[in-house]
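Before we start, here is the structure in question, set down as structure tokens.
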Amino acid sequence: MRFRLTPQDGAFFDLLATSAGHLVRGADLLVRMLGADRTQRVQLAEKLHQVEHDADESTRDFLSRLNQTFVTPFDRDDMHALANGIDDCMDAIDEAGDLMVLYKVGVLPTGVADLVAVLRRCAELTAEAMPRLRSMTDLREYWVEVDRLERRADRAYRRLVADLFDHEEDPITIIKVKGVLDALEEAADAFERLANGVEAIALKES
Amino acid sequence: MRFRLTPQDGAFFDLLATSAGHLVRGADLLVRMLGADRTQRVQLAEKLHQVEHDADESTRDFLSRLNQTFVTPFDRDDMHALANGIDDCMDAIDEAGDLMVLYKVGVLPTGVADLVAVLRRCAELTAEAMPRLRSMTDLREYWVEVDRLERRADRAYRRLVADLFDHEEDPITIIKVKGVLDALEEAADAFERLANGVEAIALKES
Amino acid sequence: MRFRLTPQDGAFFDLLATSAGHLVRGADLLVRMLGADRTQRVQLAEKLHQVEHDADESTRDFLSRLNQTFVTPFDRDDMHALANGIDDCMDAIDEAGDLMVLYKVGVLPTGVADLVAVLRRCAELTAEAMPRLRSMTDLREYWVEVDRLERRADRAYRRLVADLFDHEEDPITIIKVKGVLDALEEAADAFERLANGVEAIALKES
């Protein structure tokens, strides 16, 4: 059964903001994992799984509400794409943390901190932008900035892999560290895809 | 020339079910490739190419019919995305089989069977779901289950790569086996994207 | 402020054709990079960055015009997806060139020329197709051909990686060359996704 109740619209954006808030918590844990030893990393990765689990619940709440509501703030499939886009960012962050532990990578090159800082900032910008979807205002700076950050992540990623080839002689270490770097770079891509999705919705609805 | 002929609608879903049936045949061949020796693998990969070729023909039939029909069961671009989504799953399965042969990977870790079993089950669920698109009923269990399976595939994949690093010392073998595992995991992702697409259509059309 | 001015529609397709023209310039530079020594490659990669920068400006012009126009030739979000699709192709070409330099790969296997020739042809077909979006005619041959070329790229890619495993003994060289091949294959995928997007629009609008 679906019911028409416009004041409820706000709840959609609150749920999206909650989901996006989990992204900030997840990115914070990634930042802490970088400087941690193996035992701490295992614990932090556990916490990251919990955050990912919480984010999943938010997504399910959102989709269930979407399914029960007759009039949605904007196209139902766009709402769905937004929730999935946030989910993709969370999965990518969780994967990066997981690989750090599973691959037992040890100390990562210092430059990785830049890459993770970009993810942290992307998460923050995303969480701040979600409530603005309600009024469809002031979103432009969000997607322009995420786009800029993704480019920065991309450059940092390529430079890090090039340095790895220049300074690391053990091929298995190269494969492992490159695997973690790939996961971090894919997380930045996920944020960019989400921001592109928001841009497309804003273009359509404005 | 396009003609309006509602009873024809069923044919679209029959063609999608046929395409998805090829996915089941393809996944079956992957299962058999795991336990096979090199000579058998080469033969099974040949059969898999044939299945992929058949799936391609189904897709072309579907798209050609889509192009000739004026009234489609639901949005033309969603129908197109479905056909492409099935095609992506088939390509990913075919690629995984191809890499097993091209990379000459030999005996794969036993855990790979779990990953391929997940793909087999995803293919089956997809083939069963396609006819239900006609009435847009009972689809929820399909996408929820594929989502769950993709998570299982993801966990199995990461565990397998971690085990590979723990037990394999030859970097080139690691690269090859990881390449096959990557392809299998990407196939699971393709099934999840397809299921997400079906969910988006169901949300929009319901 | 948005204004209704139908004759302006042509400008959208001109801008898309300009963007796609940058893809041809970019692919040309990739072709030249293959036969070049390290010093020349560094210079050509610089030129490629410049082309990528120019393409970015075209995309921004396009999106800014899209934002200011009330009546667009077809759905606003489809126009947006087209611009992003061209941008993805450009980024992938730029990344492939960048990795050749950053990974210091030296002489690449001769078969790589086939892969790059496919990208060159895809870029050309894309640039030729963009103006035809205006009338939505004669587009079918474009997406059918890009689809065919992507398959050829895929086969060439897998064969090249298999040959690399057969003939190269140094794991780090394998990782580097495979990284460049992956980037080239992803560029072919980007062209196919763009062609699929055009097909979806043509289906919807026709």
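The first chain written gets the first letter, and so on, giving A, B and C; residue counts start at 1 in each chain.
By our rule, a contact is a pair of C-beta atoms (placed from the backbone, for glycine too) under 8 Å apart; a residue touches a chain by one contact, two chains touch by 3 or more.
Which protein is which chain? UniProt says A, B, C = Phosphate transport regulator.
What you are looking at is a predicted structure, and each value in this text was computed from that prediction instead of being measured.
**Student:** Could you tell me which shape the graph of touching chains takes: line, ring, star, complete or other?
**Tutor:** complete
**Student:** With touch defined as above, tell me whether subunit B (Phosphate transport regulator) and subunit C (Phosphate transport regulator) contact each other through largely the same residue numbers, more than half shared, or through different ones.
**Tutor:** different
**Student:** Would you mind reporting the rotation angle for the C-alpha fit of subunit A (Phosphate transport regulator) onto subunit B (Phosphate transport regulator), rounded to the nearest 5 degrees?
**Tutor:** 120
**Student:** Counting in whole Å, what is the centre-to-centre distance of subunit B (Phosphate transport regulator) and subunit C (Phosphate transport regulator), each centre being its mean C-alpha position?
**Tutor:** Taking the average C-alpha coordinate of subunit B (Phosphate transport regulator) and of subunit C (Phosphate transport regulator), the gap between them is 26 Å.
**Student:** Specify, in ascending order, the residues of subunit C (Phosphate transport regulator) that touch 2 or more different other chains.
**Tutor:** Within subunit C (Phosphate transport regulator), the residues that touch at least two other chains are 171, 175.
**Student:** With touch defined as at the start, can you tell me which subunit A (Phosphate transport regulator) residues reach subunit C (Phosphate transport regulator) in the complex?
**Tutor:** Listed in rising order, the residues are 154, 158-159, 161-162, 165, 171, 174-175, 178, 196, 199-201, 203-204, 206.
**Student:** Note which residues of subunit C (Phosphate transport regulator) are touching subunit A (Phosphate transport regulator) in the complex, please.
**Tutor:** 66-67, 75-77, 80-81, 84, 95, 98-99, 102-104, 171-172, 175-176, 179
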